[in-house]
Amino acid sequence: MIAVLKRGTTTEQRQELVDRLKGMNLDVHISEGLEVTVLGLVGDTSHIDIEFLQNIDIVETVKRVSQPYMQANGKFHPEITVVRIGDVKIGGGHFAMIAGPCSVESEEQIIQVAQSVKASGAKLLRGGAFKPRTSPYAFQGMKAEGIRLLMKAREATGLPIVTEIMNIANLDLFADVDVIQVGARNMQNFDLLRELGKTRKPVLLKRGLANTLEELLMSAEYIMSEGNDQVILCERGIRTFETATRNTLDLSAVPVLHSITHLPVVVDPSHGTGKAKLVTPMAYAAAACGADGIMIEVHNNPSCALCDGAQSLTPAQFDELSRKVHQIREIIL
Amino acid sequence: MIAVLKRGTTTEQRQELVDRLKGMNLDVHISEGLEVTVLGLVGDTSHIDIEFLQNIDIVETVKRVSQPYMQANGKFHPEITVVRIGDVKIGGGHFAMIAGPCSVESEEQIIQVAQSVKASGAKLLRGGAFKPRTSPYAFQGMKAEGIRLLMKAREATGLPIVTEIMNIANLDLFADVDVIQVGARNMQNFDLLRELGKTRKPVLLKRGLANTLEELLMSAEYIMSEGNDQVILCERGIRTFETATRNTLDLSAVPVLHSITHLPVVVDPSHGTGKAKLVTPMAYAAAACGADGIMIEVHNNPSCALCDGAQSLTPAQFDELSRKVHQIREIIL
Amino acid sequence: MIAVLKRGTTTEQRQELVDRLKGMNLDVHISEGLEVTVLGLVGDTSHIDIEFLQNIDIVETVKRVSQPYMQANGKFHPEITVVRIGDVKIGGGHFAMIAGPCSVESEEQIIQVAQSVKASGAKLLRGGAFKPRTSPYAFQGMKAEGIRLLMKAREATGLPIVTEIMNIANLDLFADVDVIQVGARNMQNFDLLRELGKTRKPVLLKRGLANTLEELLMSAEYIMSEGNDQVILCERGIRTFETATRNTLDLSAVPVLHSITHLPVVVDPSHGTGKAKLVTPMAYAAAACGADGIMIEVHNNPSCALCDGAQSLTPAQFDELSRKVHQIREIIL
Amino acid sequence: MIAVLKRGTTTEQRQELVDRLKGMNLDVHISEGLEVTVLGLVGDTSHIDIEFLQNIDIVETVKRVSQPYMQANGKFHPEITVVRIGDVKIGGGHFAMIAGPCSVESEEQIIQVAQSVKASGAKLLRGGAFKPRTSPYAFQGMKAEGIRLLMKAREATGLPIVTEIMNIANLDLFADVDVIQVGARNMQNFDLLRELGKTRKPVLLKRGLANTLEELLMSAEYIMSEGNDQVILCERGIRTFETATRNTLDLSAVPVLHSITHLPVVVDPSHGTGKAKLVTPMAYAAAACGADGIMIEVHNNPSCALCDGAQSLTPAQFDELSRKVHQIREIIL
């Protein structure tokens, strides 16, 4: 961390600050220039509040040289993380299609969709049991029963299951879930992240609607700092002024994250766009820019889906999508 | 709710849709024009998923005529809600300054700040015990001990206390807290909102960084739908491209909310701007546009504050701020 | 256009409004429901100010059923526009790589880059002569001399040239330019758009940093309404809160625009990301989601480039990019 | 400007960079720490492209210590600029209400509004003659005739006039205009800014919808670098995800700008909110946070206004607004 001091700072003022920083277990290197004096802070600066420093009278500006995340940081962890879910691998050259309905609605529906997406190459089955909904009056998911039906579908097809947790209190219900998803609205529910860090289950962590990629990694760090390094990052669209799409899918997140972290990155174009006709081209784009997985909503009867039907593909649409996605991956590898 | 049908829709297709909507307990009024046919859906449309309708083949476009929130809706609740915390009232012409440190740090600190802000006209004492922090390595608050110290400060001054909850599991610790705050990151932690709806405590609900005012009201609706109508809305800045301030304080939220809801609206210029020197002018602005309360971070030694020191005022600065805020209110009433 | 009237509107008030609308050359169809009355406005509503209507006392809400753009509208122009620049075609299944340096710097540089990108499959040569720069003190381009050098490079390679105009006053200098580019900052410089509409030259119109896709089409409409239908739309990133990239490249724009307009859509991942290492994956993504062209900055010595060097590829990098982009296109066709 | 070098940089590499920077007329101070080496660049760094430096292999990160604007910079120009328009002063404690219709529509209208706003305390008359409109089919203003009518209104009332220029080619028509306005869409029309810099007329420069405050000052710098220091900055709302208001009025811009520049800052709550009922509270807020002027749309018959009627106040509403705005200013001075 670099702190630039204001012109006119006296030697006494500077010494007082240096002593204070040393008291925080940092080494301080003073670089005196003609116009500016720069303090280089060496040591574990990850616990330093950058605004604390900026608030000090004699400090002109502060800049982190290193990132505030450590375990999620590619620099300190040069080996790429491969997340393993049974035989399925994600990351480090391993790619997985994740597919299934927005919500679990019935045993018949979930098994039928699971069989169909498996036949089209999906490696993991997704399906919502607990559904975060803007309105308290909207369908909130089948909850525990939904998880039970997902397990039935896993039994029938062998596909591991991914489903979203909204509340730590429900953690027991997720004991047999293969991948626990943290939704965009909970990306900074820090207590939930910590608890998931204490499990050894893979966590699929979605980027919040207004969160930077650095904040996404800081949330991964919450999970990892408790000992769980099986974190899959997920881009699913950010909120911008554009209203033609539900969100703005920020695909640059894929190569940016690949350049700064060792964790795998998947893309959810269904929530990212909100419209079925946009899902397919954006899935191709996600594959082309290097995503380690793509998550697609598939419904056997999209126009009847209890939620988010507008963005679900039919099994036939998914089949073509999956085939072409794998072809695109061949080219860019 | 209005659904405009596509040109070329056949009578049979239309009838099928009308029957389906009637099956959802809606009355349907058909308005046939030369160029377009419009369906007017009458009844409780708050449980209808607007995207479900838009997804239907023959539907061109859908528009809500009424808002999806009911209990928070000013139209259905013409009397302005006055939230009462002991003798303190907020809303309906009643105004309250809320002040205190970002974090509770020690008994001495919190009592000293409490006495000072009380002397300057604050009606409620704020202070963080559980602190949501982007980094797992940053100071996370004094937790239970912090709440205990807030109560000591209440004892010493008589000021009711406001403090943030991050996790339902801690609800018992808040049994004697006067106003429970829900932070921006938890605005859509729906399970938490529901649980708070089951209490009868006033809730101060902060707007999320990327949430619209309609979504803020939908979150209030989660609380109110469980029977708790003591909700105070709080504008604290949204996330935009501008980096000169930590967030962009959206003061238009105050008159907009006053025009659509009966709930009181307070403003937090400290988090909204992130910089002490901006807090005072933005507090004046908040008062001038009609806020029912203003929430200010005050610290007896801002440059030593464990978190968010950069945005804290000194007691002397707060004293002047409070005086002028009350003068401005006199003018606009 | 649909106008929903407020409850309690009297028959007289309604009649007054209907008469006023008829005076604006519109047919008005009244659809009276139990709860709401809807006016359907038929005729050329493109000149109606939606806010004018919303401002009328008895009007609850207004919704356009048709889009405000007509010539750029895919509905009214089912044949896809193919823009022709000599032998080069863009749109309707025809794809073109556009490449070249950010700025023209010297004859040697521009000819060398032109020869190299041509060898790698580029169909058009780009290069800035007039450069819009945030700072008045930054390099502003070689101006007229830059255009002269571009023509030399065209002579040497046969590649048609694309370059940006910033000021109508310079239009004469662009007489021999093949495609005139309108930059993001000038997307709503309406007088400039009109003048370009009077020429018969292809115009490459970049989306503004904060402009919606509808606004982009309205700006295309300015050009087309003067008789020039050779407009190429260009996505180049929008401004969001994320700082890891210079802008957020909104690739959903490609399929969205293809669904609403007949005009071709190209993508500029160089300005969209601002970083060389992100350009290649985002170019692949642009190809995968169906872009009709991709515009890439290539420099023979990126680290010496006078502007935007940070986002330029080397000729060798471009060669691989171009090859794979064409392979990806094969798959998605 | 500070450049932090990567670890592992050799002495030769460093020397090569230092020589290159010296060749750009900069002094370079080397501050060697244990972990990082920092180069301090002294001299006129305003012409250095920050991305050029970041692009160099051995450079880890670059940070400006000084701002890239010089003439607009409060640090180098401690005396506050007072813009004078005849007897009217704006800035440095001088405040002016600016009012008038969105568009000039007729001689009767503009004179009537001018007389009325003058009676309510306005110091300047605003009115659009050239109107930037998203649609080519919308009313584009009375143009030259509009300017002529504004002058008639000036004659009748003595109020100096403010009106927008959209095109350098029209500069002659503005020869007798008192303050030339540059609209949000032209904030980065750099050629226009330069030409206005060559006049000696006060320029009211509106912030672009997606522009940072630093970019606003850089645009002011374009005008000032040509010798015209009579620049008034204007906040009029930025574009965000919120749709309850047309734009998000960023009032923090007022105290932020006051802390970094000597130029006066006015606020336009009419365009900033887009709704008449929000204009008054936001005008009070603008006064409360220290604006040097407030610009209000007033129309003698808002519901008939040819454009932007939805945001216009009646003369009576303006009269109350103006009175209270002046009272609020008394308090905060």
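Here the chain labels run A, B, C and D in written order, and each chain numbers its own residues starting at 1.
We take it that a contact is a pair of C-beta atoms (placed from the backbone, for glycine too) under 8 Å apart; a residue touches a chain by one contact, two chains touch by 3 or more.
Computed from a prediction, not measured in an experiment: that's the story for all the values here.
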Most distant chain from chain A, judged by the mean position of its C-alpha atoms: D
Pair sharing more residue contacts (C-beta pairs) when C-D is set against A-D: C-D
Inter-chain centre distance, chain A versus chain D - centres from mean C-alpha coordinates, in Å: 39
Chain A and chain C: spacing of chain centres that average the CA atoms, whole Å: 32
Chain C and chain D, separation of their C-alpha mean positions in angstrom: 27
Contacts with two or more other chains, residues of chain B listed in rising order: 210, 238-241, 243
Residue ranges of chain B touching chain A (in the complex, touch as defined): 46-47, 49, 51-52, 54-57, 68-69, 132-139, 166-169, 185-186, 188-191, 194, 208-210, 215, 218, 221-222, 225, 238-239, 274, 276, 302-303, 305-311
Of chain A, residues touching chain D in the complex: 2, 4, 27, 29, 31-36, 38, 40, 42, 60-61, 63, 65, 239-241, 243
Chain A to chain C touching residues, read off their complex: 210, 212-214, 238, 240-245, 248-256, 259, 272-273, 277-278, 281-282, 284-290, 324, 327-328, 331-332
